[in-house]
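Note that the chains take the letters A, B, C, D, E and F in the order they are written out, and that residue 1 is the start of every chain.
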Amino acid sequence: MCLAIPARVEQINGDDAIVNLSGIRREISLALVENVEPGDYVIVHVGYALEKIDPAEAARTLALFAELSAQDSAGEPSP
Amino acid sequence: MCLAIPARVEQINGDDAIVNLSGIRREISLALVENVEPGDYVIVHVGYALEKIDPAEAARTLALFAELSAQDSAGEPSP
Amino acid sequence: MKYVDEFRDGALAKIIAANIARAADPRRQYHFMEFCGGHTHAISRYGVTDLLPDNVHMIHGPGCPVCVLPIGRIENAIQLAQTPDVILCTYGDMLRVPASHGMSLLKTKAAGADIRMVYSSLDALRIAGENPHKEVVFLAIGFETTTPPTAVAILQAQALGLANFSVFCNHVLTPSAISHILQSPEIRTLGRIRLDGFIGPAHVSTIIGSQPYEYFSEEFQKPVVIAGFEPLDVMQAILMLIQQINARRAEVENEFTRAVSRHGNRKAQQLVAQVFELRRTFEWRGLGWVPYSALQIKTTFADFDAEKRFKIAPLAIPDNKACECGAILRGVKHPRDCKIFGTACTPDNPIGSCMVSSEGACAAYYRYGRFTESRSTTTQQ
Amino acid sequence: MKYVDEFRDGALAKIIAANIARAADPRRQYHFMEFCGGHTHAISRYGVTDLLPDNVHMIHGPGCPVCVLPIGRIENAIQLAQTPDVILCTYGDMLRVPASHGMSLLKTKAAGADIRMVYSSLDALRIAGENPHKEVVFLAIGFETTTPPTAVAILQAQALGLANFSVFCNHVLTPSAISHILQSPEIRTLGRIRLDGFIGPAHVSTIIGSQPYEYFSEEFQKPVVIAGFEPLDVMQAILMLIQQINARRAEVENEFTRAVSRHGNRKAQQLVAQVFELRRTFEWRGLGWVPYSALQIKTTFADFDAEKRFKIAPLAIPDNKACECGAILRGVKHPRDCKIFGTACTPDNPIGSCMVSSEGACAAYYRYGRFTESRSTTTQQ
Amino acid sequence: MTFNKQAIRSSYVRPIDFKRGRVEMSHGGGGRAMTQLIETLFVSAFDNAMLSALNDQACFSPPTGRMVMSTDGYVISPLFFPGGDIGCLAVHGTLNDIAMAGAKPLYLSAGFILEEGFPLADLKRIVASMAAAAQAAGIQIVTGDTKVVERGKGDGIFITTTGVGSVPDGIEIAADRARPGDRVLVSGTLGDHGITILSLRENLGFHTEIESDTAALHDLVANMIAAVPAIKVLRDPTRGGLATILNEIALQSAVGIAIDEHQLPIREPVRAACEFLGFDPLYIANEGKLVAICPPEDADRLLETMRAHPLGQAAAIIGEVIEDPQCFVQMETAFGGRRIVDWLSGEQLPRIC
Amino acid sequence: MTFNKQAIRSSYVRPIDFKRGRVEMSHGGGGRAMTQLIETLFVSAFDNAMLSALNDQACFSPPTGRMVMSTDGYVISPLFFPGGDIGCLAVHGTLNDIAMAGAKPLYLSAGFILEEGFPLADLKRIVASMAAAAQAAGIQIVTGDTKVVERGKGDGIFITTTGVGSVPDGIEIAADRARPGDRVLVSGTLGDHGITILSLRENLGFHTEIESDTAALHDLVANMIAAVPAIKVLRDPTRGGLATILNEIALQSAVGIAIDEHQLPIREPVRAACEFLGFDPLYIANEGKLVAICPPEDADRLLETMRAHPLGQAAAIIGEVIEDPQCFVQMETAFGGRRIVDWLSGEQLPRIC
């Protein structure tokens, strides 16, 4: 549900912006977000930016994926 | 100019009539003519009867066509 | 087809042809103008000239309401058709008539305008009823024959309270055109053109009767024979004209008695008088401005007058310079005198009005004349 | 595709899968509902279940705004589209949704209605501008994600003074639906359905934030993990849910920190609050009437409210009797329990809403479940 | 492995509603809906092994003799008319163009362009009519294609058929083979199809009992060729009517053609409808008639053969080929005159003058 | 007799205005305007003796081997797009269907359905593109047809082409010949054509540098057959994309097919456009790609041959045929899971959820 995809903002003109997703460009509206600048990644849904992507958080999450969990099964901490 | 063709009136309903021309039927208006009755022939132009055909005059004209003229050339009556 | 096929009988044609051959004085030339395209058509379609002696010459007149509509009025119609929310309705004849820059209503339609071909003025009314949100304009053309149906449509629109229907009126009058031709200096004063008599309209005359022609025969001393549109009618009329000329008579005679009376169709005349009035002057393609030669919608029916409703401005657009239609329509020139006949101007891409309708002088000559001439050439070689 | 491809990495998937396998207690069963179709889609498209232990069960929730729109509202939209001079604009998703008698907006379009698919609410505005003589109605659907764009469109229409634009509003609220499911007797009282935790919406949460879920975790003692829609996000969320359950925690955790904050997008929230207000109750296909679960246009924007403008009357149309969507959406039944699954009801000819969207439970099972089962059958033989 | 294609299909596909259903975009989208339409409608109606193979092309052994190929698009309105419909027309028309080379028609392809919203019941009826026409003619529709265009971008249904056939060696029929002295024949009454269609155009508002003459002429042609292998030209006077194809032949053979109006078989109502509209029956379309040109000595035998066939009962010798550097078609009128029968300029439009 | 056809034509016909002119009803009416259009546009562009003969059919010698015949209608919008136009597409598409039987394409027919008002300049451009495509492919367009429909009853131009070709004896290629163990190959990147077209739909409003891949594949096919005569199946993944034709093959051969997402050649922008729209690149149309199935032992040689051809540079072995009574197409995802690649339901519509 709520198909949306992160894309990089290339140009901004008031509430209108051009985003680029791997060579695909489209015009979107920035009416729902604040403080967006060229180079930012925004999540695009039905032609609107919903929110900016936080690069630091993205990196943190990815790092988390790569961690082999220390936790054992059955809710008990491993010895 | 003024393409028109004689057709036989089959049915009359007020100013509307159906005419038949050798098996082709079409609705026409009698708004321009008076005293038309089924069986009469009318001259049809752009969906209107323009005038009734006078059968006696038609016969007279045809008879005239068939007469070998007695008149000579040069405007002088033949001797 | 009763009252049709009898009048196309080849056996009778031979008798009339014999009568004509006998009547025609070999020492003189006979020049007759058939005013109406209907007669032109019959002559071409049945090959009537093949049955006439060489000294009987037929001149095609301006009797095609499509051919005489000036470019300005067609341009008006094209602009009307391009107006948003307008549906322009007209008879099939009008669609191919060339305006300027190679345009026509057909090309305007191809380019996107809503132009509908109708068979009857009542079809235009029906379209107006079916399209209440559109303005339906009926582009009305035609001589006295086609005018009464337009009058009926306007009266019906009034009765129905159809607020979206109007008529762009271009109805013209036959007698004025004939007068105009007879009054042209080439004929009247200079005598450069021989015009010995007229074949008078068939269906126009069912409405106006034979009486209106009496003025010509008296004033200009030219015989007029009103004739039906079947080929035997035309031949008989030619015979009657020859006989009048031989007898030095100049009368109105009526060959088409089966449908034409002296006074015409009074009911139709009344309907026309109710809705229309004379224009002081009107432009005819080829003839120029002809006084009292056309009708306009009376002010009491102004609501249905597209000229008022859409404030149609008169446009004066000259014909193509090369086109000789004007002279041809008056019988002064021949299609072969036109430099672009058969090259730039053909029935597929007509430049002038005489090439549009198959009754037009140039179209008729393109179809039949080329053939006749090629035949005589072949024979001579 | 940055921020996309990294979250689909197969090598990382193996690590998380290993973590899950290690974390999942083989002595118990885990039942998680992914509320959102977006998660359902990711699970199907990337084959995520292949990477999960057998005792981790995913239940597809009602998180597809298309699937939950009741037949009555679709019927309203169909009738609107059939109104003369109305152009109905909507997102592609809506077109195939079945109403009664096998109808849908797509079939209504095929039968002649002017229905336009738009990609954005602004496209509907543009169409209204281009068609001043038509009434343009935007059939608005969607959760909190899609509502702010509708609000922007209404505000712009007001600013532009667009008199021919209105919105048929069907925006619904995610938290109410989750509450409703959790409060259903099968889950709350009878305990017939195991539901151990929720994967919370990704993009909805960018707007509303993570805070609104805190009520559930507290009130119903179920863990919630908000997760992105990429497959690694889903797997990580599953891991986090297992860890919470193992630790007997019931908290709201946020896996999608790169886009979701606790408070969400305040600007978007303000725009929504400016234009919309809560409905007292709204029908969800499958769930029935759910209190305070949808939005309506405020009376200050009544001019743009199609329900008022076209006096749209509520229609109560029951689902097809055989259809088990209601129970399936609440996790009570399985698509294979429906008698007409795969025979009368297929993705090509859906009867119930769960078969329409590729995220619907029945469509997903039709596509992927049949395959999985046939695989296990084949393997067993 | 107990495999059953039919079972897979039927268990997962709901039958198409051919009563009330309409064409949707998905019927041309390349997915299951399209496959279902093709299988349940086209394949089952046209019923032959090549089509059932569901390949994107048909494969067959080449015939003996030379091959001919012809294509025509069918865009008629209305779709159903007395005497036929667009379906049988699309079979007859292309088949006739094949037959006009003196060929035996073998295979047809059919490409459909459907408008979204077109009633499936009409489609089914049209397809059934095509199938019946193909079967009656003894040919197979071996490959096809379906496209769906959005509502407003089509006109219900357009069909383009292409046919291949084979001409026996020794038969040389082409429009450039007419020579002065050759005789010109037609196989029957002129203008029936065109007038039938015109009578159904609401804005012309006339009624007639005439029916379209749509028919497959290859059997008649086979008889004609058997009787007179020296036939030089065959052509079906479709769009543009007799006048147009005589002009085409005259130009291609660099000859003139002289016909006699007395000999032209034209039904009374066709003449009458033309009088109403200001049309000329020589330019009106036919869909089950042919024009043949043969050496003078064969003309009577050819006429006899044609008259003996149900589709040639009203056949007539209508004229002869003459020398004419201008390539005119001329006609001796029934009235006794002579006129040129020229190319049509533009389409025929109903006239008031 | 000093006779000159050309003189007759040119002296009486004004040239067609291919700059500003538009299609009129008369261009399909059967009269002089139609003949002029055919002669000055089609005959001169397609330039071959069969077409110039102006018969209603083309006549040629039958080839050796078996014959194939295929037809397709082209209804694309927009008509002109990066990488091609409806004209070259109409040649390539039908030619490819011929080539997919392993056949050498020989002749094409072309049926045009034109909408009144269509710019003649566009028509000329399209016809030139067809002519160029035909010439590049070494085939002839030997017969054709032109119909004109009223404005509002068409969509500018529809083209239906039908092709015939011949298959050398010994080559047996058909969609029912796939067997478990066979390898599945594609000739290049997927979805380029479909995404190019979608990017031009104003209401989707995205932009890309991608171009349509429209191309004639028969030369590639000839090389492939020369290298691996044992090729079993060839098909071009047009409407419905790779997914659809794999499902068709699976059903017709009564097998399953397993592909590997890692191996699928898909350009980044195609993937990105699909993400925006909620589409799946497996269902997007191609116009210059083919799928081949061959015995496992021939796969590497076939791949090498394909990669050596300009139209096969990005060729890949993407999977294999497996046993499956359910005829599923399944895919090992790049992520590590496995999913079914089902038939398309309806057309793909852009989604918000």
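Rule of thumb we're sticking to: a contact is a pair of C-beta atoms (placed from the backbone, for glycine too) under 8 Å apart; a residue touches a chain by one contact, two chains touch by 3 or more.
Predicted, not measured: the structure shown is a model, and the values here were computed from it.
Asker: List every chain that touches both subunit E and subunit F.
Answerer: Both-contact set = C, D.
Asker: Between A-F and B-C, name the chain pair that shares the greater number of C-beta pairs in contact.
Answerer: B-C
Asker: Measuring centre to centre, with centres taken as mean CA positions, what chain is farthest from subunit F?
Answerer: Farthest chain from subunit F, going by C-alpha centroids: B.
Asker: So which chain is the furthest away from subunit C, centre to centre on CA atoms?
Answerer: The most distant chain relative to subunit C turns out to be A.
Asker: Can you compute the centre-to-centre distance for subunit B and subunit D, using the mean CA position of each chain? Integer Å is fine.
Answerer: The answer is 77 Å.
Asker: What is the distance, in whole Å, between the centres of subunit D and subunit E, each centre taken as the mean of its C-alpha atoms?
Answerer: 55
Asker: Two-or-more-chain contact residues of subunit C, please, as numbers and ranges.
Answerer: 1, 4, 9, 37-38, 64-65, 91, 106, 119-120, 123, 142, 146, 346, 348, 359
Asker: Among all residues of subunit A, which ones touch two or more of the remaining chains?
Answerer: Residues 1-3, 5, 21-22, 45-47 of subunit A touch two or more partner chains.
Asker: For subunit E, give me the residues that contact two or more of the other chains.
Answerer: 24-26, 31-33, 205, 268, 271-272, 275, 278, 325-326, 345-346, 351-353
Asker: For subunit D, which residues are in contact with subunit F within the complex?
Answerer: 1, 4, 8-10, 13-14, 17, 37-38, 44-51, 64-66, 91-93, 95-96, 106, 116-119, 123, 142, 146, 231, 346-348, 357, 359, 363, 366-368, 370-371, 374, 378
Asker: Residues of subunit F touching subunit E in their complex?
Answerer: Those residues of subunit F that touch subunit E are 1-3, 5, 8-9, 24-26, 28-35, 53-75, 77, 97-98, 100-101, 103, 107, 109-113, 142-147, 149-150, 152-155, 158, 160, 162, 164, 166-167, 174-176, 235-236, 238-241, 244, 248, 251-252, 254, 283, 285, 323, 325-327, 343-348.
Asker: Which residues, counting only subunit E, touch subunit C once they are in their complex?
Answerer: 203-205, 268, 271-272, 275, 278, 324-326, 328, 330, 332-340, 342, 345-346, 349-353
Asker: In the complex of these two chains, what residues of subunit A are touching subunit F?
Answerer: Going by the criterion above, the answer is residues 1-3, 5, 21-27, 44-47.
Asker: Mind pulling up the subunit F residues that touch subunit A in the complex?
Answerer: 199, 205-210, 268-269, 271-273, 275-276, 278, 351-353
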